[in-house]
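Next come two complexes built around subunit A: one with subunit B, the other with subunit C.
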Partner chain A sequence: MNASRRAWTLGGLAGAAALLALPAFGNDYVVGVGLTVLMWIALTQSWCVLSKMTGYVSLGHVVFYGLGAYLVVVTWQQVPLAFAVLGAGLLAAAFAALVGLPVLRVRGPYFVILSFGVSELVKFSIMAAESASGTASRILFGAPDLSVIYYAMAALALAATLLLGWVSRSRFGHGLRSLRENEEAAETLGVPIVRLKLLAFVLSAVIPGMVGGVMATRSTYFVVGQVFDPMVSITVIAMAIIGGGDDAKGPLLGVVFLALLSELLWARAPLLYMVILGAILIVFVLVLPNGLAGLAARGRTAARPPDARAAP
Partner chain B sequence: MPWVDVLLSGQLLFAALVTGSLYALVALGLNLVYGTMRMLNVAHGDLVMLGAYAAYWAFTLAGISPLVAAPVIAVIGGAVGYGLYRGLFRRLLGGAQVDAGRVEANSLLLFFGLSIILQNVAALAFTPNNRAYQYLDEVVHLGNVSMTGNRIAALAIAGGTCIGVAAFLSRSVAGLAMRAVIERREAAYIVGVDVDRVQWSSFALGFGCAGLAGVLLSMLEQFSPFSGFPFTVAGFIVIILGGLGNLLAGLAAALLLGAIETYGVALTSANLRSVLLYAVFVAALVLFPNGLLARLKGRR
Partner chain C sequence: MTALLSVRGVGKRFGGLTALADVSFDVEPGELVGLMGANGAGKTTLFSLIAGNARPSSGDIRYDGQSILGLRADQVCRLGIGRTYQIVKPFPALSVLDNVRTAALFGKAQARTAGEADALVRPVLDELGLAGVADQPAANLTLSAQKRLEIARAVATGARLVLLDEVMAGLTPTEVAAMLATLRRLRAERGLTLLVIEHVMRALMDLCGRIVVLHHGQLLAEGTPAEIGAHPQVLAAYFGTPG
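Up next, the complex of A and B:
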């Protein structure tokens, strides 16, 4: 266990150092790939704060990303960018707080399809409003330097990882796990489930809102449908499932694996990418519901002597 | 057009009936699979899309009338459903006891993966472009309402099939067994209902309905590999509003949804069609937060 933790720490530190040094050495393409990896880390870790901890699987995580991106684009060059990005996080959190109570009353598979429906409803509403006012797309000038965007995203990825790590270890996180295992029992024992769920939902919304705001500065040509693309939500779920595990480490495995795949295929062969994504989803649900981290843990348990496993 | 005229127009009533009957047929299949096996088939709409392509290729390549192709495609759809059930889902479900929560959550992601694969494989194989063909498109006048022949045929076939299935479920022994499994699974098992047979036959019937709905869709409007998903959403709305195993209420809910969509678009604009659909979807889920299972339990 200690050896594996040391391997994780070393691997994590090496990866983080490589990512931080990237803009100094890599060309724009490589930095762009690094940026994508950081973006997926931030999105997936923040998704886990609600969905992995509570078992409320959200298929609408992109709605926060889209709202953040949209706010930054609408206030483009009217508000200092740093404020706009902070505002994007606040807007996403406010939206989560607003819809959280009714939406989080819905459980299980109904929550999955409802979260998807809410995300699509927001997308189509904004698209309808845009086409009614005659602005289907926008061209953005004066975006900040790539390395600035990169380090902003690195900060968000770090923040999301620390947030998930903290939630996973805290009393709050234990409360969330208890409602994942048995909501009725947790409520009976006095766990304030409504407050916990809502807080987790709001916390999981802030970072994707800011990520969307930062990524909006990368697009010189802005289309609403693109920043609310449900494929983002699906990719996030796939990354979290591939990674598996119950803390901040698991999703990183899934992100590295899928981010490289999406970098290779999303732009060049989007249809093929989606087919592979669907297949991955099916295989992991059927064969490896605990993901790569679960696979590693199973290997470790099997390697231990039987008396160690029997101990409580 | 002032809104009173919109509401009283026979033309719109007809359009709402056609849309509603198609939704009813789609939801019927979804409801059968969900009811007997507790699986939300997110890929149901994609089966509709595949049915539409089958009819399209039969008509454009071989000149086969969609009305002739319809029963054949429905039977093929049923056979695919039977095969999938035997090959995959029976093993997945295990014995007669179904742990609803676990099966639902897992199968949802599973079907989501399947849906993504079907859409994108169809787009790779058939190109993502819209397709349509002309069939029975001469206009028939009835009073001041003008209708095209393909819409009348679609309404008749979809409505007739729904009524036929409803009669099957309420009159025949096999249909009664199906309803018994939907309403009280364990009790049905105890009194000797062959649950396995009910499951494969409702899978086959559900898939057949989806294929048939696809044929009708291809006669009515243009479609693409991504046209199926809105039907899944519509089907979900109908079974949430209508009720599990309650087919008459399901029919009414489908007609209501068709009316909301048709009149809503006529009173506002075509841009708002998706907004309306998803607004009804979200509202239905928020109002019945735990879906049908909880409502059914509450009634007992």
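Up next, the complex of A and C:
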């Protein structure tokens, strides 16, 4: 296992160094691609804190992103941007705390549908409020420099990765995995399931709230429908499934793989892109349910000599 | 000496169905008490009420002199009551070791770190013959091993009172004999108090100092195995009335 840890450390450091150096060397297009990768890392890792750890698969992760973006846009040039972004994280967390108890009472497909419904409900409520007040869209002047946005996003991607890494190794995470496997048994063994689920939900909301806040400054034109786009939630799930595993490594693989693939195909063959994405998802769900992380682990086991495999 | 567990006039209704009515008995510290009764007599329901998985409709349940009425299952566990499930509920994708770690981390033991938890978990795995499969996912275990995993988790919570729900059902006679020895050892070495539901009658008669018999949700009889074996109402309930 030591060799694989070294490979992960080296790969991670090289990747992080390349991403950090990007604004100094790359043109705006390359930096934009890097920003997208960082955004998906932050979103996917934070989604995993709830959904990978507890098995409560959320199809509404974008709601936190949208709320964060909306807060930054309505407070535009009235509040220092850094405070607005922090506020975006707090708003998302507060919303999660508010809806968490009722929403987390249902499991499995019911939770999937409910999380999607909550997200759409918030989207259409804000749309209705906006049109009632006569604002169909907003134009933002004085957005910060791209490299500022980029480094803010890098900090969020790092924070999300560290958060998932900590949760995955902690006593808290052990409780989450237990309740994912069997809620009743976990509760009987002393796991305070309601409190743990709610805490995971709130923790998973903070970072996407801030990501939404930061991304709102990226475009000069704000439309509600866009920042609550369900495709964001779906893409996050696809990245997490393709990545696999339930620690912080899997999502990194999934994000990089899918973000680069989409960058290669998006401009050249937008229709083909969705077909290929669908096909890849089917292959992963059917053949590699544990994703790229599972594939890597399997590769390691096969590479070891047979006697080493038998030994504990 | 106050009873470790005191069940006082406990009843449970599900809609119009009375699962338990006015059941009272005590379990003293260190005792090994058998809970007997036909299918549907209310044995597992009683376990669920004690362990906090469900709430009684009437009556009171006291543990160590304190009422545990209205506590959630995780709170009851942290007070020191462990339970197993008749239909096993392992964490299938987690290793056997991780299954039992959950109990040590979150139960009465409240281990703060993985190292602290492992110091509690390893001896329990040894006692229940699970050390060799500690790194296997629980889903890979045989039924016999899954039953032992249920017990291992309940014990590793640090419980003083363990409720065992048919841990011998479906086991071969050899496995039953081994299980009896294991339960006796657990009780002797860890000073556990055990309340045991069992359909394997010989096992129950062998193991328990005292037996409580439920019938149609009511307490039918209570006494030593010999008394229960000769009790006319118990015989009537199990074998029918002569003539």
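Methods note: the second predicted complex is superposed on the first by the 289 of 312 C-alpha atoms of A that agree within 3 Å, B and C clash if a C-alpha of one lies under 4 Å from a C-alpha of the other, contacts with A are read in each partner's own complex, and residues count from 1 in each chain.
In this text, contacts are C-beta pairs under 8 Å (C-beta built on N, C-alpha and C of every residue); 3 or more make two chains touch, one makes a residue touch a chain.
The model shown is predicted, which means the values in this text are computed figures rather than measured ones.
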Combined model on subunit A: subunit C and subunit B, fit or clash: fit
Partner chain in contact with A:35 - subunit B first, subunit C second, else both or neither: neither
Subunit B versus subunit C as contact partner of A:207, first or second or both or neither: neither
Subunit B or subunit C, by number of subunit A residues touched: B
Superposed arrangement, angle subtended at the Cα centre of subunit A by subunit B and subunit C, nearest 10 degrees: 80
Which of subunit B and subunit C A:96 touches, first, second, both or neither: neither
First, second, both or neither for A:184, with subunit B first and subunit C second: second
Which superposed partner A:192 touches (first subunit B, second subunit C, both, neither): second
A:175 touches, of subunit B and subunit C: first, second, both or neither? second
Overlay on shared chain A, then closest C-alpha pair between subunit B and subunit C (Å): 10
Subunit B residues touching subunit A - in the complex, by the definition given at the top: 40, 42, 92, 101, 104-110, 112-117, 119-121, 123-124, 128, 233, 236, 269, 271-272, 274-275, 278-279, 281-282, 285-286, 289-291
Complex interface listing, subunit A residues touching subunit C: 171, 174-175, 177-178, 181-182, 184-193, 312
Touch list for subunit A against partner subunit B, complex: 57, 59, 102-103, 105-110, 112-114, 117-118, 120-121, 124-125, 127-128, 131-132, 234, 237, 241, 271-272, 274-275, 277-282, 285-286, 289
Residues on subunit C engaged by subunit A in the complex (per definition of touch): 51, 53, 72-74, 77-78, 82-83, 85, 89-94, 98, 101-103, 105-108, 112-114, 135, 153-154, 157
